[in-house]
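Both of the next two complexes hold chain A, though its partner changes from chain B to chain C.
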Partner chain A sequence: MTSSETLTRPAPAAADPRAEGWFARNRSLVLASPGVAWMVLFLLVPLGMMIYVSFWTQTTFAINSTLTTKSWVAFFSSDTYVGALLRTLRLWLTVLALTFVIGYPTALFIGRFVRSKSIQTILLVACVIPFWTSFLIRVLAWRPMLGREGAVNIVLENLGIISQPIETLLFTETSVIIGMVQIYVVFMVGPVAFMLARIDDSLIEAARDLGASAWTIFSRIIFPLSLPGVVVGAIFVSVMVLGEFATASALSGRKVNLLGNIIVSQVGSLKWAFAAVIGVVLTVCIGVVVAALLRLVNLRKEL
Partner chain B sequence: MLELQGLSKRYGTEVALDDVSLVVRDDEYLTLLGPSGSGKSTLLRVIAGLETPDAGRVLLDGRDIGALPTHRRGLGIVQQNYALFPHMTVFDNVAFGLRFRETAPVADPSEVDRRTRATLDLVGLTGFETRMPGQLSGGQKQRVSLARTLVTEPRICLLDEPLGALDANLRERMTVELRRIREALGVTFLHVTGNEAEALAMGDRMIVLDRGRALAVAPPEEIFAAPADTRVARFLNAWNLIPGRAGADGFEVAGEAPLALPAPAPQAQTYGVPYDAAWISRDPAPAPGEGVLPARYVASEFLGSKVVYLLRRADGKVFEVERHLSREDPETYAQDETLAVRWRLADVHLFDGAGRRIPLAPAGAPA
Partner chain C sequence: MGDLPILKRTLAVYTGLFIVFLYGPFVVMGILSFQAGPEGGPQFPIIEWSTYWYRHLFGLTEATRIAPLPIREALLRSLTLAFATTVVSTVLGTLTAQAFRRNFRGSGVIFYLVILGMMVPGLLLGLGQALVAQNLGIDRSWWGTAFVLHVVYTYPFAFLVMLAIFNRFDPRVEEAAWSLGVSPAVTFRKVTFPMVFPGVLSAMLFGFTLSYDEFPRSLFTAGSDVTLPLAIYGTFAVEIHPNIFAFGVLSTLFSFTILAIYGLLMAASVRRARIKASGIQEDEA
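Moving on to the complex of A and B:
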């Protein structure tokens, strides 16, 4: 190509505001379309389908598309299902509170008390090591720990703290909570430790110089600045716990039924309409929780 | 009155402070000038109690405050990066010290309100109370940081390179502002800086620190007119320092005719001429009471109110001449033109082998 050709070539369309190409005028639309198409196909359409199916008529062995509210009425008039909804919400709140109570101090230690960046990274990686084994093994490993003749009972008995093995450790709501907290606490530690490590030391020095006590510095400076991390961690934990079914069935001996467990069993017995009702209820619950958590802080400002 | 006695601090083999003794008076603006690594930030942090000295004492009004934690010392620090709390409004930032200090917090909201607003008014930020730090410019953040410290009424306010992050225009405005604010409150400012112009312009007195030692403590005019040490003269960036030795005919410089001495000083090893005391002439003949040095013209730099001429001496070193345009028009010279630099002997200072200024008999000694 000669230099004169280079000079006479028209400027690229993107640089010229008068360019008339359809693609140039709708560039942002064109760029957004693959993502939009993906979300419509694989999120909005299935969601719509689920809501639609939840109004279908379910007979014992068949389902047809005559619209009815029977499944919805059945869900909300059954003590079993409303009980499962309330149990799911109670378990979620308990696990969320425990992951915060255990996770925040851990994150505080990693993010603010460990001065070296490489040791911080090593500790965070150590938190993730349990994830190198499969989910099922991690959950099932709790059985020999919590059983009647499990490790916890043996240790407590040999220490003379208890004389009878604690029966309620395994196959109860307690064991489900223990299992879930162990698995999900790391999702709280990570984002919080990240936010804490970002706080500039000079802010702490400035607060100390202004005469604030250690508790005031924590409650007025450190905690508010780590709040976005807490919210992100809480969203992770909430979304995962609300949809849980595997931990619950493995550690409760199918005695603790969460909404997720009911969906699994209903789909197993081909009760599509009823499973769809529970699916919609669960989706609404998760949506409300995430929306409420996002109101707590302006995440867009932090990212 | 803050008194420092024999402060020393080392990090490993690195000496940060070496036997620094100093008196900071009440109601004065003290600037601390030093290049980076001179220990000036360490000195500030030791005074503030953020670092513990290896030796020496810090006395406030005769009381040893070395064992007190930072916030019990009655000092305030304005940090270089402002360290504003990003999640609080300007008002809450400034009110933080009043509301949340451990000892005697101000419980009355109207009192907090009154004092916070008064301080914001003092630093010229009335109307910015509800802004967040992210919505402020550098100069405004600087003022909030200052107000946050001043509202707690510290005995001494320590400022760590407060103008370092501001652009030149703003820097000049804040220079005036800081002096005005300090005078309005009557509080002592200890201002650490690496900028010689800032140290000269702002201080009632200035300290020059190098490699952990205080080289000079005096009013800026005195330090500027008669630096105590060649290193001080070098930091001021206003002196031509010519190495050589005092001989029978004057000050002998390698490759030059001897320079006239203002007074006999056999121990002199450095000959100092201020940039703005020299002038350029095409006449190389010696004259009584004047020093003359041949030099080749290199370049000039026009700085608005003055012109700086750069010339090269026979040994290749640069000699700077600064001429103020209020006194004369700029001259043009040809590149490499051989000229004569001249100065009055009364403006010359001599330094001995250790770099210390040799006290001379009053000017006007026969040349």
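Moving on to the complex of A and C:
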């Protein structure tokens, strides 16, 4: 045993992963510890701090650590803030529904109708390329699109679809929704197309041989099998839209205030405890949404 | 479903329209960046085609009431920050992925902890970090409080990329090298690294681009010296001019340069691997 050991493993003992010693036995934990430490210090501690500070006492320009629920009461008894919460949720649902409705047919085409793998890749890359421009500039680029003399109105007028320019395109909730859908729809298309492309063709052939109609094939086979992709896409879109503020402030002329916008303005006026309350409310919303989506499918099993 | 020509054609047209929807604002942005200056605004019609706003960006025009974008130093900060973030997140991601090559106690919790970093909205993390810094009396800065949050964001991406690479990587290759008496350092340099290099490259690409464009995580944590996205955000409040579009066009070109470098390095590494593989096959034959 010892001789074969020396024959096959002449390398120093340290190189042998099975060598005894605390470090060798806990090799994985040692390797993972820098990352874990980083995440605890700079992810969990800040989030914990946010929850903690939401119970601090807010004075005009400062906060002190006397615990109180005053900021919480102020949030839920104010029409402005509860209104912003409802507006955020409404906008999120609208954008989520639109990314699904607009994105799914594209994903269906890329994932099921394009036969060549390289054309599939080219189409997906074409969807991703816009992400190589700064996020803020992408948002700003909607302004000359949607304005009264914007590109959309010019095109529609020249096509004779409208006779008067549409006034409500820019600096309204509509413009915020259009901007967000364009920015986030790709996060829906990608995962769905990926799941659709993985469906075994023989499954569909079998269904067709047994006389299933195109609609039956879609609703009973293709759609259920693409559901994990929809859920992943919905999680991406939800997390990003709920935490949004820049699109709303750039395209609504600061008229549409989401919870994110209120956090920014509260921090600007040094209302830290209040900003923390809104932050916790937002975290809870996101947590509930993600948990609900994860209940729809068992992702660990599907992926 | 390949035998539904009408449906296929409809969906093809739809996908075309979808791509127009994705690219429309860019085309408009590109066109308007050639607006006449300084009197031309960021809207149609184009008064006269000119490169005024590009020259304005580099301070090559006569001074007008429109101040040049305050981007020079911000750009330098953003590049430095993106570089540092790339290095740290790639190292952390590789180490953690290496740990995950074997099952260990606590791996489930650690996995979700790392993934949480890309899921938590940046604004909330920035708020929490600003609160921590304020109460510990730490000055907020782009190279300190903002930098650590950028890594929290990009490290999960690096981790997932490296995990995918290691999953396809046969550990027996390394073991073979060890058993032949090759030292761990040489094994890493000659065997492990070339095999995981494409993954490292992708992890770095993620790290750089995400950090370079990162904005909500920097907003409350960067302090008074702003990064590039913060400088752009600052122009939201005031009237916008076509110079921001000219800058958008240039920064998109810059992104494509990075993407092209990535593509070239990737292609080179694939080619090298192929040559090596064919060499081994010839040796065997």
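In the analysis below, the second predicted complex is superposed on the first by the 265 of 303 C-alpha atoms of A that agree within 3 Å, B and C clash if a C-alpha of one lies under 4 Å from a C-alpha of the other, contacts with A are read in each partner's own complex, and residues count from 1 in each chain.
As a working rule, contacts are C-beta pairs under 8 Å (C-beta built on N, C-alpha and C of every residue); 3 or more make two chains touch, one makes a residue touch a chain.
On a predicted model such as this, the values are computed, not experimentally measured, just so you know.
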Q | Chain touching more of chain A, residue-wise (chain B, chain C) | A | C
Q) Touching A:220, do we find chain B (first), chain C (second), both, or neither? A) first
Q. Thinking of the overlay built on chain A, is A:209 touched by chain B (first), by chain C (second), by both, or by neither?
A. first
Q: Using the superposition on chain A described above, determine whether A:77 touches chain B (first), chain C (second), both, or neither.
A: neither
(Q) With both complexes overlaid on chain A, does A:59 touch chain B (first), chain C (second), both or neither? (A) neither
Q. Regarding the shared-chain residue A:116, is it in contact with chain B (first), chain C (second), both, or neither?
A. neither
Q) Thinking of the overlay built on chain A, is A:282 touched by chain B (first), by chain C (second), by both, or by neither? A) second
Q: Go through the superposed model and pick first if A:158 touches only chain B, second if only chain C, both, or neither.
A: neither
Q.
With both complexes overlaid on chain A, does A:144 touch chain B (first), chain C (second), both or neither?
A. second
Q | Residues on chain A engaged by chain C in the complex (per definition of touch) | A | 8-12, 14-16, 26-32, 34-36, 38-50, 53, 102, 105-106, 108-110, 112-113, 115, 123, 126-127, 130, 132-138, 140-145, 147, 149-151, 154, 182, 185-186, 204, 214, 217-218, 222, 235, 239-240, 242-243, 245-246, 249-250, 260, 263-264, 267, 272, 275-276, 279, 282-283, 286, 290
Q: Name, in rising order, each residue of chain A that touches chain B in their complex.
A: 200, 202-203, 205-213, 216, 220-221, 224-225
Q.
Can you tell me which positions in chain C touch chain A when the two form their complex?
A. 1-2, 4, 7-8, 11-12, 14-15, 18-19, 21-26, 28-29, 32, 42-45, 92-93, 95-96, 98-102, 104-107, 110, 113-114, 116-117, 119-125, 127-132, 134-135, 148-149, 151-152, 155, 159, 178-179, 181-184, 209, 213, 215-216, 219-220, 228-229, 232-233, 236, 240, 244-245, 247-248, 251-252, 255-256, 259
**Q.** Contact footprint of chain A on chain B as seen in their complex
**A.** 48, 50, 69-71, 75-77, 79, 81, 83, 85-87, 96-97, 100-103, 148-149, 152
